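Chains here go by letter, A, B, C, D, E, F, G and H, matching the order in which they are written, and residues are numbered from 1 within each.
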Amino acid sequence: MTRETRRPGRTDELRVGSEFRYDAGRWARIGAPEVILGEGKSPAQLLRLLEALHRSGRGALVSRPTTAQRTRLVVARREGLPVLLLAGGRLARLTGPVADLSPVGPVALLTAGTSDIPIAEEARHVLKSVGVAVVTAYDVGVAGLHRLQRALRSMERKRPRVYLVFAGREGALPTVVAGLVRAPVVGVPVSIGYGRGGRGEAALNAMLQSCAPIAVVNIDAGVPAALFALQLLAGNRR
Amino acid sequence: MTRETRRPGRTDELRVGSEFRYDAGRWARIGAPEVILGEGKSPAQLLRLLEALHRSGRGALVSRPTTAQRTRLVVARREGLPVLLLAGGRLARLTGPVADLSPVGPVALLTAGTSDIPIAEEARHVLKSVGVAVVTAYDVGVAGLHRLQRALRSMERKRPRVYLVFAGREGALPTVVAGLVRAPVVGVPVSIGYGRGGRGEAALNAMLQSCAPIAVVNIDAGVPAALFALQLLAGNRR
Amino acid sequence: MTRETRRPGRTDELRVGSEFRYDAGRWARIGAPEVILGEGKSPAQLLRLLEALHRSGRGALVSRPTTAQRTRLVVARREGLPVLLLAGGRLARLTGPVADLSPVGPVALLTAGTSDIPIAEEARHVLKSVGVAVVTAYDVGVAGLHRLQRALRSMERKRPRVYLVFAGREGALPTVVAGLVRAPVVGVPVSIGYGRGGRGEAALNAMLQSCAPIAVVNIDAGVPAALFALQLLAGNRR
Amino acid sequence: MTRETRRPGRTDELRVGSEFRYDAGRWARIGAPEVILGEGKSPAQLLRLLEALHRSGRGALVSRPTTAQRTRLVVARREGLPVLLLAGGRLARLTGPVADLSPVGPVALLTAGTSDIPIAEEARHVLKSVGVAVVTAYDVGVAGLHRLQRALRSMERKRPRVYLVFAGREGALPTVVAGLVRAPVVGVPVSIGYGRGGRGEAALNAMLQSCAPIAVVNIDAGVPAALFALQLLAGNRR
Amino acid sequence: MTRETRRPGRTDELRVGSEFRYDAGRWARIGAPEVILGEGKSPAQLLRLLEALHRSGRGALVSRPTTAQRTRLVVARREGLPVLLLAGGRLARLTGPVADLSPVGPVALLTAGTSDIPIAEEARHVLKSVGVAVVTAYDVGVAGLHRLQRALRSMERKRPRVYLVFAGREGALPTVVAGLVRAPVVGVPVSIGYGRGGRGEAALNAMLQSCAPIAVVNIDAGVPAALFALQLLAGNRR
Amino acid sequence: MTRETRRPGRTDELRVGSEFRYDAGRWARIGAPEVILGEGKSPAQLLRLLEALHRSGRGALVSRPTTAQRTRLVVARREGLPVLLLAGGRLARLTGPVADLSPVGPVALLTAGTSDIPIAEEARHVLKSVGVAVVTAYDVGVAGLHRLQRALRSMERKRPRVYLVFAGREGALPTVVAGLVRAPVVGVPVSIGYGRGGRGEAALNAMLQSCAPIAVVNIDAGVPAALFALQLLAGNRR
Amino acid sequence: MTRETRRPGRTDELRVGSEFRYDAGRWARIGAPEVILGEGKSPAQLLRLLEALHRSGRGALVSRPTTAQRTRLVVARREGLPVLLLAGGRLARLTGPVADLSPVGPVALLTAGTSDIPIAEEARHVLKSVGVAVVTAYDVGVAGLHRLQRALRSMERKRPRVYLVFAGREGALPTVVAGLVRAPVVGVPVSIGYGRGGRGEAALNAMLQSCAPIAVVNIDAGVPAALFALQLLAGNRR
Amino acid sequence: MTRETRRPGRTDELRVGSEFRYDAGRWARIGAPEVILGEGKSPAQLLRLLEALHRSGRGALVSRPTTAQRTRLVVARREGLPVLLLAGGRLARLTGPVADLSPVGPVALLTAGTSDIPIAEEARHVLKSVGVAVVTAYDVGVAGLHRLQRALRSMERKRPRVYLVFAGREGALPTVVAGLVRAPVVGVPVSIGYGRGGRGEAALNAMLQSCAPIAVVNIDAGVPAALFALQLLAGNRR
């Protein structure tokens, strides 16, 4: 079941200074790209980890690097580490293979407003990092139905395997999309909006209550949504 | 400002047994129909109150009579009090003038699903009790956009002054409607759905977060929504 | 994009008495089975709807029929309507084609405890109604890891396309499963447990916070989880 | 129904750099002024959008510009773009026609305290931007009833079509006003107050629970309240 | 400080069967009447406790007896125990001295609606049981200001020492009263109302957020409100 | 009832620039000191208001001045306005009569920890500003019962009329105190503590649930607690 | 680490009809008694499971049997299965060894009120079922400190290894106890109390916020608290 | 019961300037180390308190010193006070005896991720300060089961008396650990994660809902967890 027994020769545990040992192959074993969470690591720890991965010939993505980490990565880049800040700094990418995948595509990304675009871009960069084709339609919310219908018609021609639909505020877009397309729809609530139900809470609950059969990830979870899409695509090949 | 000074001869306070005195003219003074909340009154108290109103030549609506009150009203009807149960028992009506209004119309009522119909019917009966024309389109949720668009096109021809839009679950319908019509839209969340955001919570928050300019009443507040619509229509006449 | 244009001859709107018109083809247009929500319909309305579907040569599933509806369906069955109660009465099935699908499989269903089984059975019956193969492992919670690992090893041999993982209480099972398998994992929180976080709330939030890339449906949403799985399988065929 | 078919010659989609296309006529089609949400746009994006609108001969309002956007707009103004910061910077206005309306009035604005004034001012500027007359009474909370009653008496003489009532803390003002006037009352909760129920939560819930028939918008939603009032006034003309 | 040392000869602990020993003098020591919570005691336990108190020459109040306890108390009364059900069964009283107080008065009780009366009656009976004078004005909510002002004018003549103000829904009454009277005002939220903020939640939060200096007790806490009023009156004598 | 009619000659409305008119006598009419909420006023507005009060011969307290307001008040003091920052800047006092009271005392103030002291100090300064005697015992939480009992014994000798008991965290102190003293106890939850129930939430709810008859004010509401105590003392004189 | 390898000969999986296989040794492997959750099992399933355990020579506890299960167990007892209902039916015990333990003791159980006793009794029966000595002090809440201090003095002489402290309402008892004893204190919130913070919510949060170092289990979790105590005692022997 | 009577000669109350008196022996009396909460004390107050403790020959821990306090302590150290910042500044230690304990060990500390390490380090330093042996396994979350099982096998050989298990996100680790070890498990939720259930809320609730018998402390409560462990160890010696 687990892939561990199938890759006996692979040493996945990387020593990061004296602090901790990183299980570099954890996600690879289930066919997911290497994604490191920025939160809770000092800039120095993160850098040592990326250097160790780079030395072992691997690439990686860093999700939500902190301000201090971003600053350190910019310096590291100047010092020669092939690391790039993406999606307005919400993601970093260490060049190199981040996963052992050959997923088909494409994945469709829609956002209800312009405020949802940064989270969608996180997903787009994760998908791009493993070579998946992406089609996007941004700012096509339900208050302008004709525009949305036009966008979906043009998207549907490319036969997306899965739709990732990003929406904050009232979070209605995934429900409306799921009533119009055949591929599975994953809703991604986005933390915009003030007042009651703001910060993505109303959107999350609306998606959980959807009268259409959609699945949901957490608020602002652009990276997990992309990873889920990858596993869904991987299933297609089997 | 208050109408009290303009109706000096009117005695509005009705004595109900020894328990309390009912301010029968409270709502009339602001041009709203007489609506009595069933909650918190014994069947005997409610009956005495309706009898007093009937004797004074007035009609009234009873919002959400309790089971015990409904049973008592059925008996009272047999005993000659002109009182009717409406909207599946969620409303009772004492025949007679319930308000001194000449409101224009019509009011449009839409529901997303069949489960929202009982609350919409509460509103319809309140509006009907004061002679306002109503146009309805039930079960036209956002997961079936073409059906909704057809229904709105036919409705719009009757030039509704206000839309009351009822929806539970993800509560997206008022937002979509407000993107397609010119008249003001009032969202009424309905307490259906299980799990997180159920019982109307997700719908309420989604409507408060709507990216379209709608106003909202509380969950299952079909009667208050109708009363608000009446005041809105009244404004048209001035 | 929508399939409406491709089925011009099909009349999908069924008249149900004078109350409302049912859009029978709504879900079929996106390739999902016909699922009718029991909530909010009178037993008579539901029966009229099922009879209309039966007359038009279609089958259907009824999700969460109420006690009154169940009683009526039992009578209807005696009167000749081919309708069956399943999953301990949480689902009813009207014999006949419920969807126009040829989905591959299998789908894996796991539950953490015995209390989660009824919700998993809802999903199993939906999948079975459209001919999808299902493999199950019930009562394999994370407090007994060795048993879970044994079950997964045996399941993995059948190469499931997607895992639906049902868990109440602390909701840890989908996360642990997603760390061990390659196919996408959908978490279904179940409304068991008392005290804080009970009724599925802790499980839902734990799944949304999962450190593994899983998607989630609402609490007790066995039927929507199955419908999402069907769309995911459908994608495989394209 | 939608106005799109009636304005065939109008090209509403504006290209904003390569990032996205803005649907400039979305709100115009339902008779609302052009309001752009500041949130989620970079200062450069916002500026490009305003310049495009200005070139096409339109005005607009910008709701809640961010600090960075405000700074950029001040510079833009010096460079010749006719853009003004209003309501203490919570709103910006690009000179030019923001809507194709001829609404009647006046609209009454009341606030319970001085802390509610900034949100009321947002509404006042939106209304003013389309030429609607406004009457105001600020700081007339329910703890000083005589003052409130005096203010309402003087207001009522101007026969407002709708009352927008702003209140934080316990949010009682809209309920009290609705018991004294005939026009519809819209409650706007304001995010003041510390401790439990603070930040407008108690006020919002109190307004939703009001024993008078009022409608509600979200916390601090001064702009949406004004837009709703505009649609209500528009109905008066039809 | 504690009164224990001043009443050395008093044996306060009553043995109730073998289950537990009741500290009968606990509240007496701080000058409060003997109030027994019904919740969590079997009818037999409650009866044994009342019999023990009666034998030792004391009276008592039972707060919120359960249905089973009420049934048992009715039987006990027929068997000779001087016990009475009050306030629609929400309170029971064992005749006999329930406290060693000589409090002055009067206490004013106001309710916003008729639904709040049962909770106010609980307080009235507690106050009456120790001989405190009470003045009441029921159903004088803020949507009918003139009626409220009339009621307060008449009450104020009796110079109440404290106002207990009961209100559900939006809970505005205590705030308005506190703006008009000089004695301290204690707000008692009442669990009426449906939808968001219902069951007293909006009222409680509104009272905590009041812009007037009021203190608050929990939802439906009529008995604790009366006990607090008693301690306040007791302070007057010192 | 209201004192307005008794003070016909007093002009209470102060003009503050062109912005708003301040109802200076609002609280005086119910016998409370003049307390101005800092929140929502610009430093300039606040200063103009204080100058107007000073010119009319009155004093006042400013509750929770903002940082900008505090800075402005320090400058104003140098320019000759007799205004003082107290309680670590959480309160400001304009010298002069702040209320027309002759309340008796003393009032007892207790805090559970050192973190609760700043809020208690707010209350102490309000009481001091109108000449009420105060006795304090700080840092006497329930985890050190003997120390608390010692403190209460010494306090009780001064016969406080009311206890204001400040506690964050688990909020147990008011309950324990109310079991040991005869005077009324008002609980003031304080916003300390991290994690679940932090920021005073657990303390507030614990006080509302107290098994002793206490009343409660909102989290951190030191000033309202003092105002409530003043009204309670005022009642003693009548 | 796990005990599985140490008990190779033991077959722990019991077949329960065709529905599921029960992992009878799961808890035994970590030294805990066999506790079966009643929730989610049909009476027939539960009975089959108990019969299988009985046949294999084991005893067991059933936590929270449902009404239907209780009825079935009473019948089963008459038919010869040695099964007993305890703690007012909240627990059932199948005679026979429920765990392979030799834990020392005693464990101290305290409750704040009489309403907390049923939950404490659940814990007492679990401890008793494995032969642990228990000392109890019921109804010793913090509003009667002297009584509590007396009870603790007498308890402390028996040198309890751990205190399980049960409290609803404001949940202050564990904090006060932890300030007076040396052994570890585990707080068990109990679901009593109405209004805000009722049903154990305030008590749970108060215990989590305790200023003394206590650990907590969920609301009404008498059985888990006893199991935790058993593991704590087991540690003493090692 | 309390140890006060056994240490008659010890003067525990330290005067800290004129502000307050610190009960230095409070925790010592129950066998816990001296831990001072940083929150709510000025840097000067904290320093005076540490100096007083140092003069009286005691050591202490300061939990969560504020930024200003940390700065002051660094200066104090240069001026000769033996005080050290630990755990990334989340803890400070004044050299000297912090408790009169001889606890056995070891205590096992596990974290699910690297983000949980800072809270675990708080616990480790508290335990170290009183000489308790600690074994750690960091970053062994449930998404990598084989690594966790390896870590536990190696830990179990050292026979820990208690496991403190730190986890944020979905908080599953304590449940999985408790299914594999015999010693008691205490769950410590950690405030990481964004979106719904973030900041430790999902983890706390999941631990309270655990299907294994674990006890829980509040979110980020590393110090209280260590203090609870100390009392548990102390019990072992008795």
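The working rule: contacts are C-beta pairs under 8 Å (C-beta built on N, C-alpha and C of every residue); 3 or more make two chains touch, one makes a residue touch a chain.
Just so we're clear, the structure is a prediction, and the values are computed from it rather than from any experiment.
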For this session: Would you pick out the chains that touch subunit C and also touch subunit G?
Result: H
Problem set entry | Repeat of interface C-G, chosen from B-D, A-B or B-E - more than half of residue-number contact pairs shared | B-E
Problem set entry | A-H or E-F, whichever has more C-beta pairs in contact | E-F
For this session: Report the inter-chain centroid distance for subunit F and subunit G in whole angstrom, where each centroid is the mean of the CA atoms.
Result: 46
Problem set entry | Chain centre separation (subunit B, subunit H; CA means) in Å | 58
Exercise. Counting in whole Å, what is the centre-to-centre distance of subunit C and subunit E, each centre being its mean C-alpha position?
Worked result: 51
For this session: Spell out, as numbers or ranges, the residues of subunit D touching 2 or more other chains.
Result: 2, 26, 113, 143-144, 149, 178-180, 195-198, 201, 204, 208-210, 218, 221
Problem set entry | Pairwise chain contacts under the document criterion | A-B, A-C, A-D, A-H, B-C, B-D, B-E, C-G, C-H, D-E, D-F, E-F, E-G, F-G, F-H, G-H
Problem set entry | Complex interface listing, subunit F residues touching subunit D | 2, 4, 13, 19-23, 26, 37, 39-41, 45, 189, 191, 200-201, 204, 218-221
Seminar exercise, completed: In their shared complex, subunit E is touched by residues of subunit D numbered 112-113, 141-145, 149, 168-172, 175-176, 178-180, 193, 195-198, 201-203, 205-212
Exercise. Where on subunit D is subunit F touching in the complex?
Worked result: 113-118, 138-139, 143-144, 146-147, 192, 194-198
For this session: Enumerate the contact residues on subunit C facing subunit A in the complex.
Result: 1-3, 26, 30-32, 149, 152-153, 155-156, 159, 161-162, 178-186, 204, 208-210, 213-218, 224-225, 227-228, 230-232, 234-236, 238
